[in-house]
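Both complexes shown next keep subunit A, but they swap its partner, so subunit B is in the first and subunit C is in the second.
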Partner chain A sequence: MGHGGHEIGSHKVAHFFGFAFNMDTLYMTWMVMAIVIVLAILAVRRLETVPRGMQNAFEMAIEAIGGQVDATIGPNSRKVAPLLITLFVFLLTSNWLGLVPGFTSPTNDLNTTLGLALMIIGFVHVLGVGHHGLSHFKHFIQPHPLFLPINIIEEIARPITLSFRLFGNIMAGEILIILIAALPLYYGEPLVGVLWLGFSVIVGLIQAFIFTMLSTSYLSNSLKEEHH
Partner chain B sequence: MVELNATLIAQIINFLLLAYILKKFVFGKVLQAMSDRQARIAGSIESADRERAAAEELKREYQEQLAQARTQAQTIVEKATKLAEQAKDDIIKEARAEHARLMKEAQEEIARERERAVAELRNEVVSLSIAAAGKIIGQNLDANANAKLVSDFINNLDGQKIGGVQ
Partner chain C sequence: MKRDDRRQLMAAFGMVGNVGIGMVASAAVGLIGGRFIDNWLDSSPWATVIGTLLGLIAGLWSAYKRVASDE
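Presenting the complex of A and B:
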């Protein structure tokens, strides 16, 4: 991409032990982690019976996501609820961080979204085998062995769709923010920019929620009592 | 623009680290606080239910007692009314009897007085008649014989002329 200013989609790559790392994505991720941890610790520093402020917001997130997870997965939801709640909080903070001038979303890097999606799929199979043994893999030949190719494609499609949906939305949102700022609009520009920022806030929330809920639904098959 | 590299693995590790930290230091506390609150709210609701049930029981008792008291009051009033009626009847009957007795006594008294008055008058008339007759005929008759004479005469008079004494 271009030189100077904001470079969309290009990353500062550093090499350690022969591996390439996108340092800007990692910095932003650590920032997100720091924000989440600081807010969470602030929220629970003085837990009160009648919640206020941060505690209230945090409990709302936990209850909203935890309730969905409970409803989708059922009695075994306690095993994965912390993971999924963390996923939601992490994604939400990541998506919104990119809306702050000078910062970018860790989720505008496919490495982040695909990594998380593959991690979820990995959990699906690890938990499935842990819960149902090898019969977990039976769902590849259901309802009939002829469905094996379709089921394999579905299995591959899951992480790809999961990661590209989030990546695409956040990436496009950030590109548009920069493009609107660069547009030669004399009167409408602040209005359009503000409108798009507001829209991006909602997009960030919705995409974080969608990613979390789809992960929940993938995980639910591995944890349900009767396995298909 | 879309390059996959070791960042992918790093991001998984980052995320798992975050999940571990949150699970260890945050979720346990928050979930504990939430379940504590839930228990407390459930306890409050339960005790409120209990207190309301007790209050309703008390109210029911009071209403019962009130109804009982009302019935008793009515009974008392009815009894008192009946007694008063009775007393009134008795008093009236007594008064009537008294009235009748007094009337009778008064009539008897009147009759007696009249009889005495008539007897006195008769004696007076006899004496006067004899005195008058003695003066008129100029001779003194035997007093007893005269009295007998005049008395007979008066008795033969029409009773009505001296007030109808029976």
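Presenting the complex of A and C:
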């Protein structure tokens, strides 16, 4: 149906070695990786003191996200800033790719967003143990050991909220694009389509930003000098 | 400082968006975890009830922590 010949919410599934792979998500993820790599190479090919073109765009993104990461994490931010800036650029490209007719966002697949969220939460604990040793896990029994089940539930809910928000927003945006295109033609239809596309561009930016910022705030807890 | 204002505004948007979905997700995790334990130990409905309550409390607790730490 419509947009890129995709049915809403369905994926082309291939089976290898007993695993199911959503091939369209994989293709689009590789495509996003290629786009990000090519853009990054273009950005650093001829570095100039006064940035122009691609270098300018990348410097803006690095300054905006890097500044926010610096403000949230503090002196240790250099350890994680490259990961978070890469995450932002990857998510932004993913979210916007789905707005190009014929393509879909890798982030409209829950597997992508949940994978990224689990990577962040795993990294939070690896970094926390690296930075604080085993006392990193003390925050599970704070402020009282009775809070252990509550804190565990909260910890499990974290990757779920992170991934479902991004997935839901991008998925809903793409479904609406298809639905608006499938409306019977009337005067306002192209206008509505264009308006919704414009809105989706902003949603894609905001969701990429929110995912990065929440990851930053989770990571900041493991890099803090003392746990709260 | 216009730039810092904008930064704080974006951070606040992120926080507000997270509070609502965080409460729902915590309750859902408690409910599903409780159902799982009930199926496992054949203790229906006690683990589901306790799990849902703990999930609701966890949602409130995470919202409180987030708001308190950002003040």
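Please note the rule applied: the second predicted complex is superposed on the first by the 222 of 228 C-alpha atoms of A that agree within 3 Å, B and C clash if a C-alpha of one lies under 4 Å from a C-alpha of the other, contacts with A are read in each partner's own complex, and residues count from 1 in each chain.
Following the convention adopted for this analysis, contacts are C-beta pairs under 8 Å (C-beta built on N, C-alpha and C of every residue); 3 or more make two chains touch, one makes a residue touch a chain.
Source: prediction; values computed, not measured.
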Subunit A as common anchor, with subunit B and subunit C clashing or fitting:
fit
In the superposed arrangement, which partner chain does A:214 touch: subunit B (first), subunit C (second), both, or neither?
second
Report for A:146: first if it touches subunit B alone, second if subunit C alone, otherwise both or neither.
neither
Please indicate which partner A:41 is in contact with in the superposed arrangement: first for subunit B, second for subunit C, both, or neither.
first
Which of subunit B and subunit C A:115 touches, first, second, both or neither:
first
In the superposed arrangement, which partner chain does A:202 touch: subunit B (first), subunit C (second), both, or neither?
neither
Report the partner of subunit A that touches more of its residues: subunit B or subunit C.
B
Figure out whether A:33 sits in contact with subunit B (first) or subunit C (second), or with both, or with neither.
first
For A:160, using the defined touch cut-off, is the partner it touches subunit B, subunit C, both, or neither? Pick first, second, both or neither.
second
Please work out how little space separates the C-alpha atoms of subunit B and subunit C at their nearest point after superposition, in whole Å.
17
Which stretch or stretches of subunit C touch subunit A in the complex?
3, 7, 10-11, 13-14, 17-18, 21-22, 25-26, 28-30, 33, 54-55, 57-59, 61-62, 65, 69
What part of subunit B is in contact with subunit A in the complex they form?
1-12, 14-19, 21-23, 25-27, 29-34, 36-37, 40
List of subunit A residues in touch with subunit B within their complex
1, 8-11, 13, 19-22, 25-26, 29-30, 33, 36-37, 40-41, 43-44, 47-49, 51, 55, 58-59, 62-63, 82-83, 85-87, 89-90, 106, 109-112, 114-116, 118-119
Quick one: which bits of subunit A touch subunit C in the complex? Just the residue numbers, please.
67-68, 71-72, 147, 149-151, 153-154, 156-157, 160-161, 164-165, 206, 209-210, 213-214, 217, 228
